[in-house]
């Protein structure tokens, strides 16, 4: 892998997020970078992946010829079962999510605010695709980690004082992992604090690229 | 069967109620006299009996040695399955009932009022056993028939101007069948009308024994 | 006895379709959609439809077929991102759209079928979705009131079914269909296979016959949206 | 891997019981009750319990055992008619009782597990049950607001289960148990048989492992309350 720039790659971000997985956890992974977390589950850590379209115990992608149109994940990708798998309807699936039975959700974000708000479903003026299950996930899952590039294409911070886009959920993000590092907070009344720097990243760079009022020291 | 008194026997009341069953109906039968309705389902009428503890397609009692403690009806009696049977949990069972998917409920009553109110679960000052599923049934099932002895042991009418006992449900009884006859109404804004006399019963006897302001002519 | 069995999707819907009706259609993406019943709904030419479905199909397939014919007036969905025709009609103001979060959608449909006119949820509190809706505090947390969804007609796809309307579903093709079976005034199911009454184990019937009024056996194309494969070692 | 498996009912409850806790207990009548876990709860001597269960067992069996030892402070049930000791304690003012209609009870428990703090229902409108509760009109009809039920511990009985906590139930012994599995902060299941992970068909698992924290295999007496038989012809 070429290391022509500093900060974490998407795969490294996913690998860092995977360290938050604990043995016995039930986890929902969002579409995009969060999906990559499944490739980095630590050895000896037994994690059960939930797919909100109605499955627990998501297995890997099928080998060619073994795909089944009736067996997909929430990203509409063909997948497989594991011995522990179970299927259920959408109401039961979201009863798991909204009832607080899922331990961890890792999801992408367009913006996260210092108070834990997240926006990841809508850009006004553009065609809106919909929130899918994201609003349910951030409102219901015990712990939510947002995984996103720290800045947008114009170099502007996506970790903000306040979200400018329509919210997906209020005060629901517990940890932020970006290409620059890890930001954690003790509870949803606390401020985020930089707890880890990505390789080749300085405190000053994080300060320069972070609009949110977070503890960086 | 001895015919030493006029009016319908319990079995005859059940048989009359069974005439209200239509082909394809899903029906819930209450405990007591209503249970007997199952013995009188007309030939060629395909009815599916629901048991609110989680079964559709209730079959007859088992032969000795074939009883199964895991297979009972809402009266806690041992029963059997039919080829069409299905089992489900209590929430789904009452989704059927409260969602209006059951065509007909036939249930016993302590009192029914001329406005369709029913009381059948509680006598103040006595030990209260509980309403079980009765409140859900009268509130949710499309059509409710109350099946009861027209008078109490003291000869007093149980078909009243207004219920004196705590209600099970408001304005929910569509038809009344007693040992004296059948009382029907077109909708829940209409008055009940005597539509059928039991054998050996006169209009005057019905008038004398009915407190409710119903049409008897 | 034929029970609830119809010979074709078109026959099953023949007398059920009318302009302005509300239709629930099962499936997540293209997984578990009632392909033949959607085509029959298109053939019925019923228009001004309100369609409740998690997604809107893709161009020319699934509900995309009803978009092409302009039979849909309004969609109630959680995600419609796979459909250019949808985007064109929506941006052109020809199509109404009510977004509802996926879990709220599933629960609203279940509520409609279960006699629950409204329920409270934390989902969407503080977002556009909750604007104008009643809020209420339980145990110090704020929740929003969501209302039930019902439909004149629910069309769903199951794996196997019998003449009594008992159904089982396969894998993730189940998704919204069991709730829609409850939420439709009339529910029509298409199945891969009709099996004799008594051959489905009563312990493992997913949708009891009481929720299903008509059933038809029909062959599905079962298109895959995102074929993702693993390399053989 | 032993996963969620415990060796005995007493071991499974050992560190979970404390005075004043709320316990959900599955079953309808004596059908599908967690006999061994109820006995283990008795052995724990935890008292001042609030017990959520459709019924209260019979004298000396099922929850009747916890009434004899006076461990129950309050019952939330729909029907308690089979129990003389219950009647004695209730009439003597030693036991609190909250009646809730059976369907409302099932839905309140499901709501507790599904993150729904309250829902509206027609059941009980105009009766004692609705007194003092909020009412609301939907489409011209009046409904009453019912609240969710949750519990510190849910004890349930299933037919088969695996080390992941996946469960299947048999016949009408299912009743309230799937909802209680959702409503308990910790759910412990006793099963007739523990089977290897992978032997339950994923399409037909009634309760997914996520809802079950502990599981134990135990033999049940399965007492029949009303043995009713048909005459052989």
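Order of writing sets the chain letters: A, B, C and D. Residues in each chain are counted from 1.
By our rule, a residue touches a chain if its C-beta (ideal position, glycine included) is under 8 Å from a C-beta of that chain, and two chains touch if they have at least 3 such contacts.
As the structure is a prediction and not an experimental result, all values here were calculated from the model.
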Open item on the list: Once the contact rule is applied, which chains count as partners of both chain B and chain D?
Closed with: C
Task: Contacts common to chain A and chain C (chain labels) - done: D
Task: Most remote chain, CA-based centroid, reference being chain B - done: A
Open item on the list: Taking the mean of the C-alpha atoms as each chain's centre, how many Å separate chain B from chain C?
Closed with: 36
TODO: Return the distance between the CA-based centres of chain A and chain B, expressed in whole Å.
DONE: 55
Task: Separation of chain C from chain D, taking each centre as the mean of its C-alpha atoms, in whole Å - done: 32
Open item on the list: Give me the residue numbers in chain B that touch at least two other chains, ranges are fine.
Closed with: 81, 87-88, 91, 94, 97-98, 139-140
Open item on the list: Residues of chain C that contact two or more other chains, please.
Closed with: 107, 110, 114-116, 121-122, 169-171, 202-203
Open item on the list: By the document's touch definition, which label belongs to this structure's chain graph: line, ring, star, complete, or other?
Closed with: other
- [ ] Chain pairs that touch, all of them, please.
- [x] A-C, A-D, B-C, B-D, C-D
Task: List of chain C residues in touch with chain A within their complex - done: 28-32, 54, 77-81, 87, 90-91, 99, 101-107, 109-110, 121-129, 159, 169-179, 206, 222-230, 232
Open item on the list: Using the touch definition from the top, list the residues of chain C that touch chain B in their complex.
Closed with: 1, 110, 112-116, 162, 164, 166, 182, 197-198, 200, 202-203, 205, 208-211
TODO: Sort out for me which residues of chain A touch chain C in the complex.
DONE: 51-55, 60-64, 67-79, 81, 87-91, 93-94, 97-98, 117, 122, 127-136, 139-140, 166-170
Task: chain D residues touching chain C - in the complex, by the definition given at the top - done: 107, 111, 114-122, 136, 138-139, 141, 143, 147-148, 168-171, 201-204
Open item on the list: Can you tell me which positions in chain A touch chain D when the two form their complex?
Closed with: 26, 46, 48, 50, 56-57, 81, 83-88, 91-92, 94-102, 139-140
